[in-house]
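We just call them A, B, C, D and E in the order they show up, numbering each chain from 1.
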Amino acid sequence: AADKILSMSTTTSTQASGLLNILLPAFEKDTGIKVKVIAKGTGAAIRDGVDGNVDVIFVHAKSREEDFVKKGYGTKRYAVMHNDFVILGPANDPAKVKNSSSASSALKKIALNQSTFVSRGDDSGTHTKEQFLWKQTKLKMKTTTTTITKKGKKKSVSYSQPIGSWYNSIGQGMGKVLTYADEKQSYTMSDRGTYIKYKFGRKQKFDLTVLHEGDKALANPYGIIPINPKTHPHVKHKLAVQFAEWLVSARGQKLIDGYRLIGKQLFYPDAI
Amino acid sequence: MGFFLDSFISAFELIRSLDTELLLIVVVSLKVSGFSTLFAGVFGIPLGFLISFNEFRGKRLLITCLNTMLALPTVAIALFVYAFISRRAIFGSLDLLYTQKAIIIGQTFLIFPIIATFTISAISHIDQRYRKTALTLGANQKQVAFIVLREAKYGILAAIIASFGRVISEVGISMMLGGNAKGFTRTITTAMALEYDKGEFVLAVALGMVLIIISFAINLLFHLFQGRDSK
Amino acid sequence: MILYALQKITKVFGSRRILDIDFLEIEEGKIYALLGPNGAGKTTLLDVLGFLEPLTSGEIIFKNRTVKYSENHLQKLRRNVVMVNQKPILFSTSVFKNLDFGLKIRNIPAPKRRLIIEESLDLVGLRHMIQAPAHKLSGGETQRVVLARALALSPQVVLCDEPTASIDLENQVETVNLLKTINEEKNISIILASHDRSQALSIAHHTLFIDHGSISDASYENLFSAIIHNADDGGSTCTITPGIELTLSRQQKGKKRILLDPSKIELLDDGHPHSGPNILNGEILSLSKEKDNIRLMINIGIRLTVFLSSSQYRKKRPLVGDLVSIQIQPQAARIL
Amino acid sequence: MGFFLDSFISAFELIRSLDTELLLIVVVSLKVSGFSTLFAGVFGIPLGFLISFNEFRGKRLLITCLNTMLALPTVAIALFVYAFISRRAIFGSLDLLYTQKAIIIGQTFLIFPIIATFTISAISHIDQRYRKTALTLGANQKQVAFIVLREAKYGILAAIIASFGRVISEVGISMMLGGNAKGFTRTITTAMALEYDKGEFVLAVALGMVLIIISFAINLLFHLFQGRDSK
Amino acid sequence: MILYALQKITKVFGSRRILDIDFLEIEEGKIYALLGPNGAGKTTLLDVLGFLEPLTSGEIIFKNRTVKYSENHLQKLRRNVVMVNQKPILFSTSVFKNLDFGLKIRNIPAPKRRLIIEESLDLVGLRHMIQAPAHKLSGGETQRVVLARALALSPQVVLCDEPTASIDLENQVETVNLLKTINEEKNISIILASHDRSQALSIAHHTLFIDHGSISDASYENLFSAIIHNADDGGSTCTITPGIELTLSRQQKGKKRILLDPSKIELLDDGHPHSGPNILNGEILSLSKEKDNIRLMINIGIRLTVFLSSSQYRKKRPLVGDLVSIQIQPQAARIL
């Protein structure tokens, strides 16, 4: 029976949105395979894949995923689904970002108005996307570099962010960022799933509303990658591939398409 | 506050409905914490005895080091253990990461210094005469240790309970080494962290209340046990 | 037979030399009393004799075999010697289990253990308390159970550290009698430390006086602090308290402790109060028997002990309450 | 293990370069932990004294409750405090959430039972005669407490150091009430958690080493202090 | 003047009545000695007199004012009464600070405090140790500093619980003399508990005997455990140890504690050993003076104390070592 258990590292958003609660029981019913889910930040999930701690990873940071496959840690990236990011803010919208032409121009307005903006700051898929958008605003960025030693060699880790104390980088998961931003009545960027859950799925009130959405640049694709058995011979590659293919099969995609949270669609299938 | 009332009602509901999922989480918590307390005791108590009973250079420094270990953050311990049991590490092939065993290993490291230092302190409060009396009656080192153990039993028991309280309430190691996998390594605290992540504060507090009830029950038992004996 | 022979032993704690005994032999089957002031090293010496404390240097020969300081060897030796502490303790369990502990360790079968325990408790008259929780006994009872616990092990030697301090008169007498009994009937050697000189003398075959870690033959009596000044004639004057002055033959100086040998103090014949150097007047407070001597306690402002031989006593027949004069010979004084 | 060597070198590099960001994090950690230990001491030590010095019905039960509080998970404490200081709660207008003050409040709740129970235990090991002696010399309750405090000082100091170790190494409260805002409420442990989340384990362990160095220094100080006095 | 008047006081711990005193008056300016077996309640009574323990019931009148059990009132009273513990302790600081504590509390200005402290240490001969750390003193020194600490406060009453147990002879004498001095020179009332009867008698103006929490006028002497059987003639036979049997006039039964009043035991005239009911033979071990009586210790198998009046003593002139016969009157025996 132990062989029928598949370990998967994934981002908190897939778990917190409740999607896995639909997909996994169905998958187990179809194949008899149980999936053990380890939910964490995108960076740590990818790290799990690099270290071979799990059999498959299910994350949303497309460029890093492709890099992951290229380096030989994974066999193939299956595009499973996408949803999108939204820019949230207080209803009175002090920076007047409503009706901005693009996501980056919305961010620029926030910066120019010095309105508080809360950032994930944790190297997650969302954070990667946010950094990409900030770069497009052509605002001046501050880059911090830390030198560390890896395998005896010096290596530097750097990240950049806009300048100013209005920019709050809090290094936490999406849910906590939303709580934080709501408390501070500030702007932030979130994936739609978590936002819907917070806004409509709980008893507690949540005041932030969507101020900008729909820009192509805000797309948020999720991919699943089985770990490469050449790098980590112990992984249950067959089961991993079975799961990935099940997800992109008509059955999996239909379940994704049909998933509703409080009557709202969260994810859009990418494979059909 | 309405919030706490809600949580309280939810906690009560959770318990009353004997929710199987809750039950499983509680069982995992108890099992993991129980084993790590057991192992920490098995290593920590004898270590405390060894340190107390022997005079050697650097003894006080060793105790200082143990005291320092009390301030080891769970994140650091988790990473330390991770470095040994991750797939690519020496013990990787044992496939320990993201299992209850991994949590137990990490938690054992967390509380082992607590038990050792408490034991040293409990023994230091036991009159030297107990040791001398046992010796003069012909006891060997092991039998002396047994006598001292009996006299220090409440101190050591208190250490064990405090340690159990520490592990059952910790979240860092359980999360990082156990992975909070539903049905496998989800404990009360990681479930709380998850509910908090999801913004489900009421459920998080309800779980916290379940935890407090468990640890109150354990402390009450200790209280009654000690009370009966000192009457 | 010689039980213990101690040769050039020292025991140092930190920078202080607590024991420093050149040579000491202790015979088997006898009762020894160890007398001496606070901090003299009595407890430490008993610890050493009980193999509970290692020596700093020197050698102990126990029953003709040199003691080796390895834990294994010591543990074997300890089975022959049981120490009863100055402030004895019982383990926090029943009286029965307290006595059982040492027997179990010696692998004695359970039924026999039970017999021995009951017998030992009978000795101290506490058989009815066999199941009582040990930590609820009174002071006197505790002391007796501790003795029973030692006796149950049929040791060759029992070491007792102040077995009667803080014990009431009734139990003091009982304890002393018990020690005598076991010495006589079971031929167990006993070494006890005490401050009560007369008690020690009434029970011991030999008394040892210990001070500053050394054994001396001086008796533990007439010990005073005194201030000594040089006198013109090559001797010195020693003031014990204002009014009590002695002339000594040797030059000395400063605050010293002085010991007046009770058998070198002379009781002058009756008559008008005498006077002269080293002659003092006082009242006889008590008379008591001590081995072959009679002990006089005389109040001369301080209490002074004087020994008379039995024959002298019968001749002079001093009575309690008599006013008498004594002469302290210069050679009676010894400066420590 | 290469991993630890890497981390060690990185930690050394971090410290050597006097990285301003690291410095800020360390300062915030020390400041927050220092204040919460201070407040917990200010409340916990007198409470321990009050409980020890008075006989009342339910005294042992109260101690049992304090012992139970030792097992309160940080998540639960954080949620509890959150329920009072969130924007919509009674103290919301004070704007405490996600500030260092919020962390201090939460951590004070965390260690205050530790200090109280340690104080009770330290006092219970002090001979009753100290109290009686002070009384017979004419002392009032406050002066008696001072005498007992002096005799129990190492026990209480040990409690304070253990509590400091507990708060400087905890992550749940700092994360949830402080928010890990860079430059404001980022502490050593929240920074570690972040680096772990990012998969940058080397940096996480390096930070952990900095923390251990701090707490070793504090323990060493205590060790020397105590040693000087008992010589 | 009356210092303390105790009326119908009781003190109960758990279910045990530890103190139960109907009436007791203690005069000012005197030395009282409290004698009694272990667990009799000596320490508890001193605690009550020192206002350190509340009563369960009853009333204490201190210097004509009824004691009210409010913390404020008690604290004021405690400033007049200082207790020296059975096992005294010094605070873990310097000798100076130990003495300073009580004075500071009394708001005495610093220069005056220093004077008082030096003076008090002079009294116990330890002025040179004024800056020494208190916890490094030896047992005897500790005892003396504790006394100095009490005296520095110029109390009206000093309570001493076994001030000389475990103290060596030299320091015992010093301590006793010190207590006498402060009583005489400073008119401080002293109440002390002790097991050492002769020491107590040598210093105290009054002795109180306490047993099972009650004060009794019995002297703390000739107290034995005995087994009593009914005899045919309406009386009973009391066996103290095998061979020593007494005939009592009243019916009694069982294991009892028996007290033989030393002044009701008669020393029979010289001659051949007498025999008969309640006549016992033994050797005189010691003679000593005690107030107006002479105390004989006679070994009749057990040690028995007999009191002779001075005039009888001078008439009979018994010597230590004499073999004598004594007769114990039935009314001398008192069963507790």
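The rule is simple: contacts are C-beta pairs under 8 Å (C-beta built on N, C-alpha and C of every residue); 3 or more make two chains touch, one makes a residue touch a chain.
Just so you know, these numbers come straight off a predicted model, no measurement behind them.
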Interface with more contacting C-beta pairs, comparing A-D to A-B: A-D
Furthest chain, CA centroid comparison against subunit C: A
Chain centre separation (subunit C, subunit D; CA means) in Å: 54
Euclidean distance of C-alpha centroids - subunit A vs subunit B, Å: 35
Distance between chain centroids, defined by C-alpha means - subunit B, subunit D (Å): 19
Residue numbers of subunit D (touch at least two other chains): 176, 193, 196, 201
Interface hub residues of subunit A, defined as touching at least two other chains: 40, 173, 176
Touching two or more other chains - residues of subunit C: none
Touching pairs - complete list by chain label: A-B, A-D, B-C, B-D, C-E, D-E
Footprint of subunit B on subunit D - complex, ascending: 1, 3-4, 60-61, 63-65, 67-68, 70-76, 79-80, 82-84, 89-90, 125, 158, 161-162, 164-166, 168-172, 176, 188-189, 192-193, 196, 201, 204-205, 208, 211-212, 215-216, 219-220, 222-223, 227
Contacting residues of subunit B [partner subunit A, same complex]: 6, 86-88, 92-93, 95, 97-98, 179-184, 194, 196-202
Footprint of subunit D on subunit A - complex, ascending: 40-41, 43-44, 46-47, 50, 121-124, 144, 146-152, 157, 165, 168-173, 176, 180, 182-185, 205
Complex interface listing, subunit B residues touching subunit C: 127, 129-130, 132-141, 143, 147, 150-151
Subunit B-facing residues of subunit C, complex: 47, 50, 52, 71, 75, 78-79, 81-83, 85, 87-89, 91-93, 101-102, 105-106, 149, 153
